[in-house]
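Paired with chain B in one complex and with chain C in the other, chain A is shared by the two complexes that follow.
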Partner chain A sequence: MSELAVKFQGVGKDYKHFHLRDIDFELEEGRIMGFVGPNGAGKSTTIRILLGLIHQDRGNVSVLGHAMPCDQVQAKWDIGFVSEDMRLYPQATLAWHMKLMTSIYPKWDEDYAARLVKRFELRPQQILKRFSHGERTKAVLLMALARRPRLLVLDEPTTGLDPVARRDVLHEFMDVVTDERRSILFSSHNTLDVEQISDQITFIDKGRIIRSQDKETFLEQWRRVRFAATGGFSAEGLPGIVETVRSGHLGAVITDVYSEEVVERVKQAGADITAVERMTLEEIFVANVIRSRNEVRP
Partner chain B sequence: MHTVYTQYTYMHSELVISQTDGRPMYQQVMEQIRQKIAVGDWPPGHELPSIRALAASVKVSVITVKRAYMELEREGLIVTQQGRGSFVADDVSIGPKLQREELQHHLEEAVKRARLLGMDLSELLDMVRRIRAEMLKDGK
Partner chain C sequence: MSKSLVMTLIRKDWDLFKKAIIALTALGFIGLAIVVLGHTQFTFIVGGILLITAIIILGCVLVQAGIAVERKDQSLAFIMSMPVTIREYTSAKVIFCLSSYAVVWALLIAAATYVVMASPIPDGMMALFAPIFLELPCLLVLMMAVALVTESTEATVVAMTACNIGFNFLIFAFIRIPDIGRQMASETFEMTPQIHALLGAEILFIVVTLALTLYLQSRKTDFI
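Here is the complex of A and B:
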């Protein structure tokens, strides 16, 4: 039923000191994907391959049914891209920029742009040089949103925004996907934003996808199980345990395949369970990265 | 145009999601819908907002609202008609029934926790009695 807005299949890219390997993920139409990874993980490289700005060495990329990078010219009309390092003309006003967009993009929605100016509390007659960092970010977002692209690709869109501005921006993202043919892929360090509005989550670290899954399933599978145990207990070798910490009699295990059976196994291994806790996306992210680094290490 | 937009923005903002609440977001959405139905703000036959509209107004993901609706449907509290939308179930007796079910959920959770802690049934019941006595003392 649902079509794919983005599909990556075995995508790779080699640089001298960095390799992007086996990138596989899919974004359904009408959904929001949060793309999460530490600095230098390969988020921006992946995004630039998606946009056709960088050409992959291996694998297939399809965006809104267009094969990338060969069909990038057609695809570009339907993709809105925003990144931190986007250049605007510092001496020109926001109104001038908006007028320029009208002349380039036939689908530019003037009413929507005007509403966004109000909502983001921007001053159209001011030159961009006088804008604060947050205002500039909002201006760039406005220009991408009002084009009404079918796919919005946002590289760290909420970085540097104050809490009120972030709330406004997240609101606009949710408003985009009230149209089920429009999709968003955004990268972020802010796991709270990702946890709140994403339908799908993709974790990337050291050029590899660690996990790409729907958010509800994802959060459902991780738990921290706290226990008390005397000397003989060891969680080592127990299936489904990602991480164990222990100090004296008390400790905790983290599992990514939570079920009562896992808890039962920990009990059978000789521990008394004191609590079973859900984890935030941030905690899950950190545990994931640590595990994948331990596995990769020779 | 702007007025329409404003109305839309605040249409369902009575649902408020907490990021420090330990429960998952879909359960928070479920509970608040249950409350709306229980107090009669959303009477039987009332049409629920579409999944995407509610997601947009609460600012949570579409998949979270979808999950909440699915679970509420399983509980029999709402019915979804393909292509028409979701509605509060017609059965008027469902309110108290649901509250009993909700209590049962909480009790199941309590029994599960007690088992994890190695408590037997009489210990758990003692604890319930003690809590009740303390609450009565505090005038709750």
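Here is the complex of A and C:
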């Protein structure tokens, strides 16, 4: 069995207007977890707890075998953290930042850093203030990647990047996990990015984990079954149906436990099946959030 | 606590602010030169103001650019992604601010004291200048404490404004202290118990404020 890069057990944090509740999830070494949630869902708070920057009120957090927040220094030697709102010093050059990293990290890989400078088309002697947003993001990524961390924690790293820059960045993430001991926790509300690189997905909404599964399991189990039916048809009460949408005699049901049996049940309830469609991660995410909010609502 | 990492953070701040520190030190010495070369009351006032201003601005730069803006510009997240704790970060900031300020302050104050004692300016003026000189690091420590503990640029700006206004009020308050007012025109300077107590109070303020800052920082559970 693989070792765990990250383990959250019953983690909670209380603020006046926001509560993180019973966060439980595990990330195995060598895997990429997409951490998906709407704005304000608790992604950044969870990540900051993971890094020891915020102390949890309840529960246990273990990162690379270190208990957080007490062992944060030992853990952070092997963590590369990139956040959308992280900036380097605007008055200093990229070369200055790279020199700073060399003086801190014994594992800093100068050759790799130089390759990234070239691949990201950055100018080492230019001050960061003169960099575009995309260049600044790439510079921050370079700082995290070239320290060769065992765990890369990315909080909305592709926000604001143009499609070409996004592709470059995602490509680098994929490269990181070619080493099977390296892991990535990738938080985003951009499901397209997450779908491209993740092999495990965790959905979070309103401070609660609503689902955590393999990406392939998600994509295999969720289907939209389109149908035509007369007024008497109702999918309510059918097992495995998450959501039903009707428009006149046409409609669709969404299932999270797709099998031929589910389709048969819809047929038996009086509908003619017109199509069975795979769903995108975004559609699965939205359906999960809606279901979770309906369950929570009194 | 990792001493080498704290030292690296201190060197990092020195790299970022050395130009401003050197420029403000030069400005202070220009103020002193005006006092020494001018020989008039006007040049004494202009030079003295320039010297004090240079020291005050240095404190503001260290606190505002070194602490408050680092957070506002979101460079703090970059630093805190490194293997450092809140305690190490705070120690590095406090050591850097205090040491760089202390070197410049000591240099300029020693030179200013020499100028006062060697020039026709009455030596008794030192009764006023001594608490004023020590008031400057008190203000630095207070501004630094507000910036670190509140983590708010707005609160830091308010603290800076209050400190600068308070600085002038305190000068007037010092003049009203009998042992200071009495000596200001005197050719000799006597270190009376009253002045001792005042200087002691200022040193105590620095120590208590620093201790309180480190204590409050060590209790923080949310940093970014």
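The working rule: the second predicted complex is superposed on the first by the 298 of 298 C-alpha atoms of A that agree within 3 Å, B and C clash if a C-alpha of one lies under 4 Å from a C-alpha of the other, contacts with A are read in each partner's own complex, and residues count from 1 in each chain.
Convention: contacts are C-beta pairs under 8 Å (C-beta built on N, C-alpha and C of every residue); 3 or more make two chains touch, one makes a residue touch a chain.
Bear in mind that the values here come from a model prediction, so they are computed numbers and not experimental data.
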Simultaneous placement of chain C and chain B on chain A, clash or fit: fit
First, second, both or neither for A:N60, with chain B first and chain C second: neither
Which superposed partner A:V140 touches (first chain B, second chain C, both, neither): second
Touched partner set for A:S83, first chain B, second chain C, both or neither: second
Contacts of A:L100 with chain B and chain C, given as first, second, both or neither: second
Which superposed partner A:A92 touches (first chain B, second chain C, both, neither): second
Which of chain B and chain C A:S132 touches, first, second, both or neither: neither
Chain B versus chain C as contact partner of A:D199, first or second or both or neither: first
First, second, both or neither for A:Q72, with chain B first and chain C second: second
Inter-centroid angle chain B-chain A-chain C after superposition on A [Cα, multiple of 10°]: 150
Minimum C-alpha spacing, chains overlaid - chain B and chain C, in Å: 26
Of all residues in chain C, those that touch chain A in their complex: 2, 5, 8, 11-12, 15-16, 73-75, 77-78, 80-85, 88, 221-224
Touching residues on chain B, where the partner in the complex is chain A: 1-2, 5, 9, 17, 19, 22-26, 52-53, 55-57, 59-64, 67, 116-118
Complex interface listing, chain A residues touching chain C: 48, 51-55, 72-74, 76-77, 79-83, 85-92, 96, 100, 103-104, 140, 143-144
Chain A to chain B touching residues, read off their complex: 30-32, 111, 115, 118, 167, 170-171, 174-175, 177-180, 192, 196-200, 214-216, 219-220, 263, 272-274, 276-278
